[in-house]
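Before anything else, here's the structure in question.
A, B and C label the chains in the order they appear, each numbered from 1.
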Amino acid sequence: MSGIVARRRPYAGAVQLTAQRMLNFLAFLLVLGTIWFAAATFFQIPAYLLPTPITVLRTLDENFAEVVRAAAFTVACTMAGMAISMVIAIALAVAFIASDRASRAFIPIIILIRTVPMIAVAPLIILIFGRGPANSIGVVALLTFFQIMLAAKRGFLSPSANVLELMHSCGATFWQTQLKIRVPFAIPYLFTGLRIAAGSSILCAMFAEWLSGAPGLGMLILESYSVQNFPLMWATVLTSTTAAFMFFTLTLAMEQLVTDWSR
Amino acid sequence: MMLKLAPPPCASAHPEAGLNQLSVEGVTKSFDIDGRTVEVMGPLDLSLKKGEFGALIGPSGCGKSTLLRMIADIFPPTSGRITVGGATPSAARLDHDIGFVFQDPTLLPWRSVIDNIRLPLEIVSKSGRLSGATPQELIDLVGLSGFEQARPAQLSGGMQQRAAIARALVLSPRLLLLDEPFGALDEIVRYRMNLELLRIRAEINTTSLMVTHSIQEAVFMSDRVFVLAARPGRIVDIVEVELERPRKLSQMNSAAFTDAVNRVRTSLFGEALGMFGDD
Amino acid sequence: MIDGRRALLPAGAMLAFLAAFQLAAAVNMLPATLASPLQIAKGVADSADLLWFHLEPTLLVAATGYLLAVAIAIAVGALVYVVKPLEPMVMTVGTVLDSIPMIAIAPVLVIWMGLTLQMRLTITTIICLFPIFISVLQGLKSPPPTAEELFVSLAASPMQRFRLLGMPYALPYLFVGLKISAPLAILGALIAEWTGAERGLGVYLLSAMFGMRVVALWSGVFVACAISVSAYLLVCLFERLSIADAGQREIGS
């Protein structure tokens, strides 16, 4: 077999991954839809309780604007929360790299805090930030912060001793080393951390809304449930599942892109 | 001390098999790689009489490990016939007639040495097989006395391989297959392990087929060396080794040894030259 | 794991942090929604009986749900290990179910089971399940290829493969999942109570939130964090006791 492996375009992997996952998801939805339909008919579940997939889709179409507005709110809060936590997390990671003392002092605390599921703290966040978007952003930021910070730190520490010695022997300053070496090495780790955090971030935002009443998907689900508008509730569930899945797939694709690019 | 291993059950023995403990006829193997069918081996014929020690040697990609795994029924050949003691590889495997020693000792890290050797006994529920050598006897045979309760991580590579050999023998197999068992060891340990394996075999006399990269090892250990070439894997020469048993390291100076080694080498590199030359 | 000397610096940092907070409270510089460390401590001490009254059912649900999740994860893991073609399907189903927000599943469960203990157990189990399951699956794939071949050559049955090869290799991975899920079990119990319950730590927290009772809320959250961390540490201890260390020294040749 010949030795030369064809070079793939850097974004091919990411595109393929996204396409594959979306296809799988669609396939799953179709299967689920069929089972749903069959089960509903067979068990004669009352339509008001578990409407048929077609009813749900129609409801989605009718209330499109409202659902999309809620989705936009939730996604925007999630992204804002992740952005804030990324900035703070990276800043702290750099600080921990710079100061070994600070790292030894605070990292164990952070690791311990990380074991607490941040959603449990949600009532506190709601108390502090009130009932607007701020509490969704706050919950997401809190949740994603630890994951991203630890990933960033691991990434910054990943260059081998040889590379760092090289920089040192060239007389590079802390910031030069940081920017030229540590940051590029850290990027794949960062994206992995983002991916892990992204997995549940939309759901957390929705959760905060559920508890607090901020106008996002979470609140919409609660509202439609309380007025017994089940088709709308299911339509919203479908939308939020899709949104969460797409968000996660997006981070996976970005991670793949970055990994392929750095090769 | 002649260890008594359980005689092979007659039920699966084929009357017409004659003296051949292992018979490989016209075996080929193809793999599907990226949608293309690549024939990695074949057709290939090989046989071993009862009690014989065969060595398989050849360049990378000639399929020696693949052949061993087809004999052990880890996967089937694409075409051709393999019989072990007159039975198909599947029947032989399910009857626990085949012992396999991997290049990596593959001991379970959480079990002690003696528990590792007992593993096949735990898997087999038939009590008929237990009339063979006990794990303790095998531990003594392979020279690991005193290390029964040790964990694999506490043993060196050579000792782990001894335990793996003991494990392969605990069910008194008809056929012992060894896939470069000493490949990961350094040369000095390797010589010692060769002698150990020969000593163990002298007690038990199981038909054996060993894959190796070392020409010296192949000639020193075996009665016959099967030289393979690659692309596709096939046997290009069978070298009979006329050295007396029990083998001693001093025999490596003899003319018979050197001749055999030279012949193997020529067959090996002759083929290799053919690859680069005017074929 | 917890080395006396190394714990000094972070412990010191923590104390400094708390002291700063307390100082801010003392000079009235703390926002109304924050409680000072001393206030929290006092709050916990004062409401100890009440807190325990609410903590008890939460802990019960959390522990039971956790154990159920472990059992299900191992059972399904065994199934997928033995019937390999099932894996992609189970994985897809699992990942998508994991994406469905609990707040959507919760109302369905309420409709189905009512505001009962079963409903709360189900929610808790669902929340803990996925991380344990993923780690079991990953662990079952960890044996080296030659070990799998060994078991094939020994003609072991699928259950023997699972018991003698798969599970022991999977154990370290399983513990990773167990550690992640322990705090999630507490969370699950809280969410279950927020979905509908009369008693429990989640109920306590929610009522304090709506009633703007700052100290009570901070005390309750402190207790929730404390039991989460304790659950995690408990599993760590269990891991330490279960996984015996293999010897380190090389003996000879």
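Just so we're on the same page, a contact is a pair of C-beta atoms (placed from the backbone, for glycine too) under 8 Å apart; a residue touches a chain by one contact, two chains touch by 3 or more.
Only a predicted model underlies this, so the values are computations on that prediction, with no experimental measurement involved.
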| item | value |
| --- | --- |
| Chain contact topology (line, ring, star, complete or other) | line |
| Of all other chains, the one whose Cα centre sits farthest from chain C | B |
| Between chain C and chain A, distance of the C-alpha-averaged centres to the nearest whole Å | 20 |
| Chain centre separation (chain B, chain C; CA means) in Å | 49 |
| Geometric centre distance via CA averages, chain B-chain A, whole Å | 53 |
| Interfacial residue positions of chain A with respect to chain C in the complex | 24-25, 28, 32, 49, 101, 104-109, 112-113, 115-117, 119-121, 123-124, 126-128, 203, 206-207, 210-211, 217-218, 221-222, 225, 233, 236-237, 240-241, 244-245, 248 |
| Chain A partner contacts - residues on chain C that touch it in the complex | 6-7, 9-10, 12-14, 31, 33-34, 92-93, 96, 99-104, 107, 111, 179, 183-184, 186-187, 190-191, 194, 205-206, 208-209, 212, 214, 217-218, 220-221, 224-225, 228-229, 232 |
| Complex contact set, residues of chain C against chain B | 144, 146-147, 149-157, 160, 164-165, 168, 244, 246-253 |
| Interfacial residue positions of chain B with respect to chain C in the complex | 69, 72-74, 93-94, 96, 98-100, 102-104, 106, 108-110, 119-120, 122-124, 147, 150-156, 158-159, 189, 192 |
